[in-house]
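Each chain gets a letter, A, B, C, D and E, in the order it is written, and its residues are counted from 1.
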Amino acid sequence: MTIHLSIILFMPLAAGVIGAFLPGRSGRWLVLAATVGVLAYVIVMLADFDRGRAGLQYVTNDRWIPELGIRYQLGVDGLNLFMLALTAISWVPCTLWACFRELDRQRLFLFNLALAETAVMGAFMAQDLALFIVFFDLMLVPFYFLIGGWGTGERVRATTKFVIYTLSGSLLMLAGAVALGVLATPDGGQISFSLAVLQERGVPDGTQNWIVLLFAVAFFVKAPLFPLHGWIPETYRSTPIPVLALLSGVLSKVGVYGFLRIVLPVMPDGSLHWQELFIVIAVFSILYGSVLAFSQDNVRMVVAYSSIAQLGFITLGIFAFEQKGAQGAVLQMLNHGLVVVPLFLIIGAIAARARGSESVLELGGMAFRAPVLAALFLLATFATLAMPGSSNFVGEILILFGTFEDKLVYGLVASVGVILAAVYMIRVFQRTMHNRVGPAVESHDLGGLDLATIAPLVALIVALGVYPQFVVSRTDAATTAKIQPARQAAAAGQTAARAEAP
Amino acid sequence: MWFEDLMFFLAAIGALAGALGVVVLRNPFYSVLALVGHLIALAVLFLLLQAEFLAAAQVVVYAGAVMVLYVFVVAYIGGSDEPLRPEGGAVAAFGPIFAVALGIELVIAFAASGLQALDSQGADVGAAFGSPGQIGSLLLQQYLVPFEAASYLLLVAAVGAVVLARRRRGLEEEDDDDERRREAPVETLEVRV
Amino acid sequence: MDVVWFLILSAFIFCIGAAGVLTRRNPLVILLCLELMLNAGNLSLIAFARMWGDGGGQVFALIVMVIAACEVVIGLGIIVAMYRARLPIDVDEMSELRG
Amino acid sequence: MSLADVTAPVIDYKAISPLLATLGGSIVVLMVGLFRGPLVRRVLVPALTAVSLLTAIGLVIWVWRRGDIAPVIRGSLEVDSLALGITVLCCVAGLVAVALSWRDNAVREAGAGEYHSLLLGSVSGMIVLAEASNLVTLFVGIELLSIPLYVLCATELRRRTSLEAGLKYLVIGSVGSATLLYGLALVYGATGQTGFAQISDALGDTVPLGDPLLLTGVALVATGLAFKASVAPFHQWTPDVYQGAPTPITTFMAVATKAAAFAIFLRIFDHALGLLQLDWGPALSALAVISIVIGNVGAIPQRSLKRMLAWSSVAQAGYLLTGVVVGTRLGLQATAFYLAVYLIMNVAAFAVVVARERVSNRGDDISALENLGQEQPWLAWPMTIAMLSLAGFPPTAGFIGKFYLIDASVSGDYTWLGIAIVVGSVISLAYYLRVIAAMWMGRYEIELPTVPRRTVKPASGWSPEADALAQPEVLVVAVVFAALTLIVGIWPDPLFDAARDVGTALSNLS
Amino acid sequence: MSATDYGWLILAFPVAGLLVISLGWRVLPGRLPGWIASAMIGLSFLAGIGAFVQIQDLPSDERAVVASAFTYASTGDFKVDLSILVDPLSVFMCLVVSGVSFLIHVYSVAYMTSDRGYSRYFAYLNYFVFSMLLLVLAANFVILIIGWAFVGAASYLLISFWYRRGTATHAGIKAFVMNVIGDVGLVIAAFLLLDKTGSLDYSGVFGAVDHAFSRNDTTLVIACLLILVGAFAKSAQLPLHTWLPDAMEGPTPVSALIHAATMVTAGVYLIARMYPLFEQAPTAADISAIIGTATLVFAATVALVVTDLKRVIAYSTISQIGYMVLGVSVAAYGAGLFHLMTHAFFKALLFMGAGSVISAMGGVQDLDRMGGFRKSMPFTFVAFLVGACALAGLPLFSGWFSKDEVLAFTLNRGGGYVVLGIFGYLGALLTAFYAFRMVFRVFFGDPVPEARELEGGHIAHHDPANPMSGESEDVDVGFPGEEHHIAERDWPMKVAMGVLAVLAVIGGYLQVPGVDDAVSKFLDPTFESSRFIDDAPSTAAQWVGLAMGGVVAITGVTVAFVAYRRRRGVTLELRDRFPRLHNFLLHKWYFDELYDAVFVRPAATLGKIGRTVVEADFVQGTIVGGATRIVGAGTSFARAIQTGYVRAYALLLLLGVGGLALYFLIASS
């Protein structure tokens, strides 16, 4: 059967727009329905997906702006299949949250949420570099409104900082992308940004180097990795919980995804040229994120910095230029999303039981009155610290194995991060759920809505932990294909070095 | 030949003197007169360059009509000496220096130019050169559009002058609340937003 | 007399006019200085016309005269309007808009 | 020599018909304006103005031709697709100005007839400038463009700042045109020609390419034009004049003047002086970078929206200049395209400013927009879209425009200019986003100003209590142009076709 | 049903129990959860028997059957199935684990009665048993690591079971982190093996060892050492032992089950399981043997002075595991595992006895406050005494056979191993001493008030307090609940203790030198490819060893008797005479302090530095702030020149002209 990606892509937006004009509160049902519909459609796609093929499936390819060589080109392969799934899955609980909370300007909130889903989906589906950038930037708009409009504290400052940071990255990427497209165009040829075309045209090594750097800035900011994470603290503090869940769970993946989708295949030599640097950045981010994570008192910030570390792992896996590593990275993208979303929703629930406080100094002892909450939190915690038996563990072990292959030392340093993760995550769990009852706490167990939003995600985590091969089998082929050019480049480099040696 | 050179130097000195006069004389009225002198000197130079028609136009239109307008305005608003004030003093101080620098640059440009023609009397041209006839034919043929446009521009300028200077109901009456108008331009009734 | 001398003269006039614009605060005088600058342009135009033996320059100069007149008219109009509005006839006083 | 040998030149009336439409229109309007009376003032005159502008646009479409065509009237005018395209832009700007000024004080101060005829006069000047193909026409065009604007800026005679704006514009503008004139003189002197075509032929032939006389002339000309396009460091008049002038006029100036100025920029530098690109390329690119930086950093601290937009227009001029610098056909197209985009998004923004400043007691201060999102979404959304577009977010026209410009600069081996555009856009976020925040995100951290509560005199015919719907024409302008911003952002093909047609002008380009 | 089917069943029952209890925790009444859990473990034990029978039927060279459920994860050369390996070793472990667990479940049914976290407790307990069984049944490294981490998690959850106690949660996090360190060690080891042998399955790896690695190949040694890190972290061997004493925060049955009988012995199992690697890398094996010996002596010395009853037993556990590690490291696999089994019996027994004493004391664990429980708790006394005898290795008790067989094997290797053996006997001496130190101090002497009350039939507690921190107990989370029953009075506890006591006595006769050696025989198929399969000590030698062991044990007991019954206070004199030594031992050789100084504090400081210096100053200050400052400077400049004076504007304009003209002039020349 044929899946029409455009339907998936624009269903939420359409619902959001119409919902914004529907009278009263009836609009929210429409938006919710659309989100669920997208999820359903994605599940159908998962079932229908041909796992063996490395190439694109369900391709849509129409002319959009011929003058600039931009095509409306969508496609799915193992690389983005589960990113789409992650998006569809994560949006449902967050929309649910928004639908049943008393929000002012709820319709606007939902509209932004829907727009965001469309944008993120688009970024993951796009097979045309320019189109990717379009959606990449479009993502910022709804999040700008969501954070600034419904956030807490210094929300305007935070959201402005967030947008400026991210856009400075992505505009540099825009420049890089245009340069890529122009320089790749042969004399007399029509300029094109289609990734396939770019990959087959290629650009000279020297040029690749700085273009890769431009892309890397954009993706590192988005991820975020040290030292480009400056927007993290304020933004995470002021973002409303469901938005934060999406921001950290889904958006952060777009960056690292970009590496696998664009940078490695199209500019292998450039990637190779910076491999060492990026690996160092990744490793440092792992350690830095972990260390800061356990020196934080605010629960959100712990998760915030932990995700810096997690994204560090993913980047490490990608730039190990090794199949296991890349595979692990892809798996880990999904896993991290799946654990972070429930984690933040749980943090929301915790704050709701502690007069809004999120500081471990005021929390504690919730487990007794809220055993279910504690249990769900416990599972999420274990998954986050990549305890063996969780799918995160498979992801991390693959990443580490991939790194050990060529970059043993970096791998060993990175594995310290695993231990630190255990420290800060368990610490958070204890300081909130265990120990004496905190001064701010008025604990009671989860209500139906919270349960409905959190429990399915946790169940999913467990299921994946039992059978990660479900993901791996579908992503394997595509991932291998994507890192092939980089591996060849690396191999060529080594042979060259060997040739020089004697 | 010597006569032309003599004329040039005299006219040049006159022009420069007039120009300087415009700038340095404190009383605007004198400045205007200085400019008239300057214009006449220029007319002489035009003659030396065989632009008879322009020389005539310069004297009649410019030194005549336009300057008269000036004089009227000066008389109307009463040209008063201006005392020196601190603000913008720096500009007043450095301004001339930069202006001179600019002039030097221009002179260098002329001097360094490779065009031989610069150091000549100019191309040998017939007596008709610069005659009303020639100007006229150029205006009517090659430069028809600029000519028409310029004439239209005159109309526009006239309209503009009317708009700006027309006595308007309401200005004089409201003289008393000038002060208020300074910070609060227009006002009648309160508006809630 | 060589053309270049006329040009150099025009350059001087031009920068004198410029200096005037920079030094004087009375808008009337500033207008006069602008006239100077335009006239400098005219002189050079005519000189070049002579140099190339081409009438275009003279026509140009003629039209510039017209334009100069227009500018003067508008300038004087604004000055009169200022006077009517009881505003000081001083460009430095007219500096409310800034920053 | 007698009149007998004077043969009247052949005039291609079809080609110049748009120009004639506006010229005639201005005369007619002036005459009609002489009849006083509310009907004439409020209805007839604006209607006639609109008609003549619409006619001009219609005629342009009738005349529209791709490719380079023979100059009409002995090479004074070049009615090619570039000129025609710019003509359309200027006419649209004029229409917008008419709509926005409908209730404006300025009209009543100046008298409807005079006001509108001056407006049309300025439009005609722009058309002449865009079509100019010799130095004389160029200079006349510029003056014909400017002089009415000097007057229009000053028309709110009861407002001191309006007069100040007029005076400043006049003085600086005259200095600029004097400089331009001197430059033109030098170019003429160096080449002995007034026609652009002849000048480009003369380069390297009668005068060596590197001749200081010629190059100094080029420098002065560049200055004069850069001044009109408000390119830094010749930008300083822009904020003051934009702020002081009546807002409809500001709108008109902001979009139309730039269009015309860049038209002539392209014509003179990429066509007449194309051979000197190696010399002026670096200079102009330096100017471009300076404008991008200065314009953006200057806009950040502004509270007055008009002033903020003025500064941002300086930055935009910098972006546009990159299209000129590269001196390629792609650059020409990108510049034309961005001019159109620039018009669309700025008009949307200015319309909202007009609407707010008439009812808000905070004038055009940013706090006048506070909570607009809840109170008047129909004004808030256009402003939001305009700001996003100016900042270069997809899916708005601004994004496509910047993309096109970067594309042009990269293909023209000026990649670093592309980077400059990018950096500029990043800086610009600081002030564009603040506007959006003011409208949607409550009073958080947009500390309210201490500007004295100003009392507003409502333009005749509507109650100050009424909301935006009290000024439907402004609302329509805002919404329409905001919609255009989005449409162009999503489906830019038509505009690209137009740009490609424009690109067929200036045959010498590669 | 084949052996592997039973294997799956062994795993299935605990999972079922876990699910039933954790999903039905609201509805299950009274003690039902406990009984369900116990039943599940019992069934699992029966399944173990089934597997045992099945595997005995197979020919001895096919007694290793692998069954795979599905592909767990497979990419490139990383191929992992969810597969179990059923062979004598794993079956043996299964039987020990499920058997002891069953008894302890039964014990807990009564012991935990009054606890509010009743269901949670049994859910955790089942989860633990499942993890432990998964660990021993795993057929490849990844599944092994999963089970490995699961037991760690279970132990964490049970240590901090009374989570309102700060001490308990602290101990929990300590244990968890230590275990994670072990996991990481295993992961890296697994990579090294995969890299060289191209497989993660035991069969693949062991099959390839001989040709993939030369003898003592560096990589292999490193891999083995990493495995040892995992093993030692789990088995609380030096230097990763510090978590175990703190782990005594957990409920006593938990200490008995996890921290004495089963989990902590996983390291021993691991080394035994990996014997092909260790025999190919003898260096690693020797290191392991040395560490084992060191640990057993070290722990024994500490156990001499510690006054906390449970901690004494904990250190004795550490010490006993030292023996096992020594055994399996010197290729005495049968002996090591035999000791593992007997130790499981008597150590669980000791903990249960201690548990009932402690509960009688109302949670107090301090030896100094105990005494004279002999009369008030005769049953406990007997049980504890049996356990102590076994621990001390008094002749004819199980400990005697197993421990001394290990030592006999060690001596038999000759060479340097003799030294290890001698240290082993020294440890045995100390063991006997502190074992009876407990007995004498707890059960003999004048009854303390609690004991008297007990004799008076009083069975309830005082208001409870956390004996560690002294903070008043939060009875929400149960222990020790007001109406908490004391061991003596509740039959499930008696049953469990009784059975274990019997086992502690007779367990040893499974393996009497010269008479029979059931355990070794049964295990032999697993170790048949071992190099040392044949050079077991002669029966005579073994008996000599046993004799020596007996003598040593009796000596130790006598000394204890003298010290604590005859000449009271001699210990105090000793303490006063060697205060430094006493302190040194009392502070457990200062390991905690050392780690605190070396790891914990630096990490904290690092965090502070990161937060203040790097984050605040560099990221926010330099990067963000720098950019903003630059823009700000530009802004103020643009404003500064925007003076509003038209003449200034003209000036700038002319400046621009001048500059431009200058540029062009230069360009022209």
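Rule of thumb we're sticking to: contacts are C-beta pairs under 8 Å (C-beta built on N, C-alpha and C of every residue); 3 or more make two chains touch, one makes a residue touch a chain.
Only a predicted model underlies this, so the values are computations on that prediction, with no experimental measurement involved.
**Q** By label order, what chains touch chain A and chain D together?
**A** E
**Q** Given the contact rule stated at the top, which pair of chains has the most C-beta pairs in contact?
**A** By contact count, the leading interface is B-C.
**Q** Name the chain whose C-alpha centroid is most distant from the C-alpha centroid of chain E.
**A** B
**Q** Any idea how many Å lie between the Cα centroids of chain C and chain E?
**A** Centre-to-centre distance between chain C and chain E: 96 Å.
**Q** Could you grab the centroid distance between chain B and chain C? Build each centroid from C-alpha atoms only and quote it in angstrom.
**A** The answer is 4 Å.
**Q** CA centre of chain A versus CA centre of chain E: separation in Å?
**A** Chain centroid spacing, chain A to chain E, equals 37 Å.
**Q** Return the distance between the CA-based centres of chain A and chain B, expressed in whole Å.
**A** The answer is 67 Å.
**Q** Going through chain E residue by residue, note those that touch at least 2 other chains and give them in order.
**A** 639, 642, 644-648, 650-651, 654-655, 657, 661, 665, 668-669
**Q** Note the residues in chain B that touch 2 or more other chains, in rising order.
**A** Residues 87-88, 91-92, 95, 98-99, 102, 105-106, 108-110, 112, 118, 134, 142-143, 146, 150, 153, 156-157, 160, 163-164, 171 of chain B each touch two or more of the other chains.
**Q** Note the residues in chain D that touch 2 or more other chains, in rising order.
**A** 136, 139-140, 143, 147, 150-151, 154, 157-158, 160-161, 167-168, 171, 175, 179, 182, 186, 211-212, 214-216, 239-240, 301, 430
**Q** Which of the chains touch, listed as pairs?
**A** Chains touch in the following pairs: A-D, A-E, B-C, B-D, B-E, C-D, C-E, D-E.
**Q** Please output the residues of chain D touching chain A within their complex, sorted ascending.
**A** Answer in residue numbers: 373-374, 388, 391-395, 399-400, 402-404, 406-407, 410-411, 415, 418-419, 421-422, 425-426, 429-430, 433-434, 436-437, 440-441, 444-446, 492-493, 496, 499-500.
**Q** Residue numbers of chain B touching chain D in their complex, please.
**A** The contact residues of chain B facing chain D are 105-106, 108-110, 112-115, 118, 128, 133-134, 136-137, 140-146, 149-150, 152-153, 156-157, 159-160, 162-164, 166, 168, 170-171, 174, 181-193.
**Q** State the interface residues of chain D toward chain B in the complex, per the touch definition above.
**A** Residues 1, 5-9, 11, 23, 26, 30, 73-77, 105, 109-111, 114-115, 117-118, 121, 124, 128, 134, 136-137, 139-141, 143-144, 147-148, 150-151, 154-161, 182, 186, 190, 207-208, 211-216, 359-362, 368, 452, 454-458, 464-465.
**Q** Contact residues on chain A for chain E in the complex?
**A** 161, 226-230, 233, 288, 291-292, 294-296, 323-324, 327, 365, 367-368, 371, 375, 382, 385, 387-389, 393-394, 397-398, 400-401, 404-405, 412, 415, 418-419, 422-423, 426-427, 430, 433-437, 467-469, 472-473, 476, 480
**Q** In the complex, go through chain C and note every residue touching chain B.
**A** These residues of chain C touch chain B: 1-9, 11-26, 28-29, 31-33, 35-36, 39, 42-43, 46-47, 49-53, 55-56, 58-59, 61-63, 65-74, 76-81, 83-86, 89-90, 92, 95.
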